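Okay, got some structures for you below.
Both complexes below contain chain A, partnered by chain B and then by chain C.
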Partner chain A sequence: MPQVKIIAKNFMDMVASLTAIKLDKLYNNVFICEAILRSLPPLAKKYVLQFLFTDEPVPAKDIKEWVLADGVSKHGVAIDRLIQLRIFTETVVTVDRKKETCYSLNPTFQKNLQKHIISGGVLPREPMNSNNAIKLPSLQELETYALQQWECFLLQLINSGQGEKLTGISSSMMKVFQRGLLSQRDRDGPRLTESGFQFLLMDTNAQLWYIIREYISNAEERDVDPADLISFLLELSFHVTGEAYNLNTLTDVQRTTLKDLADLGLVKLQQGRKDSWFIPTKLATNLSVSLADSSVRKEGYVMMETNFRMYAYSTSKLQCEILRLFARIEYQLPNLIACAITKESLYNAFDNGITSEQIITFLQQNSHPRCADRVPSIPENVTDQIRLWESDLKRIEMTQAHFYDEFPSKDVFDGACNFTRQLGGLLWEDSKRMRLVVKSEVHNQMREYLHTHSK
Partner chain B sequence: MASVASKLYSDDVSLLVLLLDTNPFFWDTTSTTFSQFLSHVLAFLNAVLGLNQLNQVVVIATGYSSCDYIYDSSLTSNVGSESRGSGMPALFGSLLEKLEDFIGRDEELAKEDEHVDKIAPSLLSGSLSMALCYIQRVFRSGHLHPQPRILCLQGSPDGPEQYVAVMNSIFSAQRLMVPIDSCYIGTQNSAFLQQASYITGGVHHAPKQLDGLFQFLTTIFATDLHTRRFVQLPKPVGVDFRASCFCHKKTIDMGYVCSVCLSIFCEHHKKCSTCGSVFGQSKLDGANASSSVNDRKRKAPDS
Partner chain C sequence: MVNAIKGVFITCDIPMAQFIVNMNNSMPSSQKFIIHVLDSTHLFVQPHVEQMIRSAVAEFRDQNSYEKPT
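Our next item is the complex of A and B:
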């Protein structure tokens, strides 16, 4: 899915926009180096690897020779990225009285990666011994927990008007997340905007990244250093899913962050008799994966019938809410939501700024595996009708115009018609009764024309 | 809908199957010790795993008389805590353990055979087929999988008696569109590996010295298939297309080829031992009668 990449890339832009000192500080952490390496474009990864044990700066000319003619643009992108992230430093060296640009690897980054590659992956912190932890949830339980927590959060995000408080996220924080996704109209309460709907269409990882990005950009308002937050989040992704880690090993800032992350379902907090610990879930450990690629493609659940009835095999309240955005929910069984797409429900959706294409792609992406095998996965008559209903609404187009009549003679009328036609401003003419309508833009020119010609 | 492309991860995620030559007869003769070599390889594996969280590495040991899976990064996601703290690379604790086991077992098997004084070949055909089986399983399971490739790290000379099996593996790799990269670290050159890389579109390289093996491995063989399309990689200068004959398993460049099944023989037979076709006699009878040019040879077809 393309959206994931855009968002993940934006995240790396955030890292790149940190000041030089902060970036260098970040590279003191092995895990950041590793996560950054993984986020680079493939060619840049290759360069870093090749430079890993080179101490001398390498001339830019030489690097360029490594790529074929097709790859020159990719080469440019890779080098730019490396310099932006301060992994490569540019130096100008004089060789034979000629100035040459050379690149060398950031020494801290280099040292840390060397260590990582020679000694293998180490864990950021030791998990607690399994015998004194009381009872760890199984991986299955943990995943259910994470997804449940995440859905709860999303539900609150899109439904904040109903005042249900499901998660511990403060309402001010929620406002930050909702910025851009919901439009605040005073009378009708918050409504989902176009980008909000797109947000719901994305897969979990992409959504997560969107939220995390908002969370980080908001960090300064909470007196938290964004660099610390970024480093902690990236570090978190290198923990082992399902292992317990003691909270004592964290700083105060990290502990408060962790509480918010628990609300998002990234970690599960547990408390024992003496100390408490956190267990990272799959959402957390996938954080650095989605920097490069969306790995989890969810299985679809929607079956669309030719008679506009839609069956969604889902127990989730959130999915029900999403469907309600453009369909009429008829009844709900324990594992099934039955709904219908009607003209009214679609008009409602169009009114909210959701387009027919968005609805159709949503249906296609989420169609039940059995339907997904068929071509087309959504019956053609349904997709056509959705498009038709949308174009129905767009049948009338409004243009500011001026109306002219009572022309003194047929010649003047014809002349005026030709004049406006040449300007591209003629909308309508009735030559019998000598009346015409022109766009407002040409009104002034038309007046001058009539002044000079009616005499 | 479910085309091959949609089953792949979009970018540069790779599955690397590494065939590691553990033949003791070969490592006996080199100046670089096996442990030095192994440290380069382990660093390389770490680098590959580090490039992408979804990257996967499988190591198969190619011994003298057996081969076995010794490491699979998808199985060891939970790092065993025993090996930590001993200064050993944590991830590869189990690899080294299994490798030691394997070499022990391989030695047991090798004792039964009598061997000659030249370096005995290792069982490349076996490990190649194991690698292909593994990749085939990956293809059939799940709907998303990384792009597989095979890397042979071979030092022992070719075993001409494995010719048919190796060629069959190469052709099935070609059918699966799995490139076989090869890094030959021995002193001679390996016709098998050259052909394997040539046919499957992989890269063949034979570094002159082993001191900087890590640099060779990362520069050439860590490059994922996506990136290969726009980087300079070593091109084959000349490929050794010589075949082995089916009758005595000798490497030959001229021989007899059965016109029905394309089996290769180093000397003339009355009947093809593979497909049973009876060869025409008339001309050869004449030749035999007229002179002693018994060993007149026909050129074997290239590839």
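Our next item is the complex of A and C:
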């Protein structure tokens, strides 16, 4: 079975994959420099700060001396990352008639960051004065709006065929997002693929990432420069949540982008008598933060009982659909979904490529506040049983292999054992009766080995 | 001279191994597929029976579960 995994890759991996010219252009923007600095691994961050006010290239050898022996791998990762992002430039300088590799900071990046550190950051655009008759939504309202919009979008994403048009996202755009998540089969309509199921169980930020990534990689088809899009999105993440920003500070491309983002719930568009403005929501400002520490704790809604019954306090259709992925919906009340986790419902989920760990994390992340305080939030017998049912499916492990016996001597046998163990191909051995089983991949090497050694 | 046989190596728990051994014994002798019983948790079988064993195990599992009618 092909293992399709949806990895919510970092924004920065995307930045790193841009061409050199585009990257240099990106670094003209102070905010991008800052966002990138934030995203670096700790050691790389330290190097950048250490280099910040050094104008001359520093020999690679000297940098290597800064780290202790057990930090060498981290050092390598940091340097690779910096070169990949073109923050460090490699130059070969001849010192004492010996060639040496030296590193120096990208001059634009360096200048911008210096400026930023000395004089502090100024936002790309000022928030509008709050007194000119704008009624700003409260943070609470804004968050509800954002989540509602996002949920609407997700529901449309998975229910593509049925259902009325809810958001303003064009159907061609929707197709792009669905690519990979749904398999298009004409007969029984679109069906969720394995990665689609995994996508639904991810938390909002990871989902957002996936969608934004698709959005950016599709940019060229819409005649939009991906670099512009990335810089705009990063810029957006430095805006203050809940403040209004005037639309006339944006370029045309940014304005069309903003419309799409509003459909996703990243910004809220409002129109006054004279001008219109946009208000970034929490979803937007979380964009540049690295994934690990940004999982916003949503209010949970699932209560799991030790008898495998699950009560979900939710009115949302989307959440019902998600629960249906791995549980049996028994009945629905206006604000409550009652379901049960059964062996069959779980086998269904496992068939669709969802793992027990994903289900358990989903339950833990979404447990009702009253349950979330308890340790453990999901009864242990339930989590254990889910894992047991999964391992029940994997009771047999089969490997294509070759079986060897009738070795002429103990020495040849031991030699063959060691040889295959080094190749990582030894599956089983019986030294008393001199029999062994190796993976089929190493059969040919094994044959050659025996040919030379059994003489 | 060393002798080599191609096949499938199976690792599983003891009851599963017994299940497979029993399956093998119930077959007519022309269709027996176990080449060697290596130890209580390892078997070595003919290369083509992988799918057959899997489906037999799945069937066995289904017989042991009961779905509540809706």
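As a convention for this text, the second predicted complex is superposed on the first by the 313 of 455 C-alpha atoms of A that agree within 3 Å, B and C clash if a C-alpha of one lies under 4 Å from a C-alpha of the other, contacts with A are read in each partner's own complex, and residues count from 1 in each chain.
As a working rule, a contact is a pair of C-beta atoms (placed from the backbone, for glycine too) under 8 Å apart; a residue touches a chain by one contact, two chains touch by 3 or more.
The structure displayed is predicted, hence computed values, not measured ones.
Novice: Which partner does A:Glu406 reach: the first (chain B), the second (chain C), both, or neither?
Specialist: The answer is second: A:Glu406 touches chain C but not chain B.
Novice: Return first, second, both or neither, reflecting whether A:His443 touches chain B, chain C, both chains, or no partner chain.
Specialist: A:His443: touches chain C, not chain B.
Novice: Touching A:Glu65, do we find chain B (first), chain C (second), both, or neither?
Specialist: In the superposition, A:Glu65 contacts chain B only.
Novice: Would you check which partner chain A:Glu344 touches, where first means chain B only, second means chain C only, and both and neither mean what they say?
Specialist: It touches chain C, and chain B stays clear.
Novice: I'd like to know which partner A:Glu34 touches here: chain B for first, chain C for second, both or neither.
Specialist: first
Novice: Figure out whether A:Lys45 sits in contact with chain B (first) or chain C (second), or with both, or with neither.
Specialist: first
Novice: Would you check which partner chain A:Ser377 touches, where first means chain B only, second means chain C only, and both and neither mean what they say?
Specialist: first
Novice: Report the partner of chain A that touches more of its residues: chain B or chain C.
Specialist: Touching more residues of chain A than the other partner does is B.
Novice: Could you pull out which residues of chain A sit against chain B in one structure and against chain C in the other?
Specialist: none
Novice: Under the stated contact criterion, what part of chain A meets chain B in this complex?
Specialist: 34, 37-38, 42-43, 45-46, 49-50, 52-53, 65-68, 70-71, 74, 113, 116-123, 240, 288-289, 292-293, 295, 297, 372-373, 375, 377
Novice: Inside the complex, what are the residues of chain C that reach chain A?
Specialist: 1-13, 16, 20, 35-36, 38-39, 42, 44, 47, 50, 53-54, 57, 61, 65, 67-68
Novice: Residue numbers of chain A touching chain C in their complex, please.
Specialist: Touching chain C: residues 342-344, 392, 395-408, 412, 427-428, 430, 435, 437, 440, 443, 446-447, 450, 454 of chain A.
Novice: Could you pull out which chain B residues touch chain A in their complex?
Specialist: Against chain A, chain B makes touches at 1-2, 9-13, 42-43, 46-47, 49-54, 77-79, 89-92, 143-144, 214-215, 218-219, 222-224, 226-227, 229-232.
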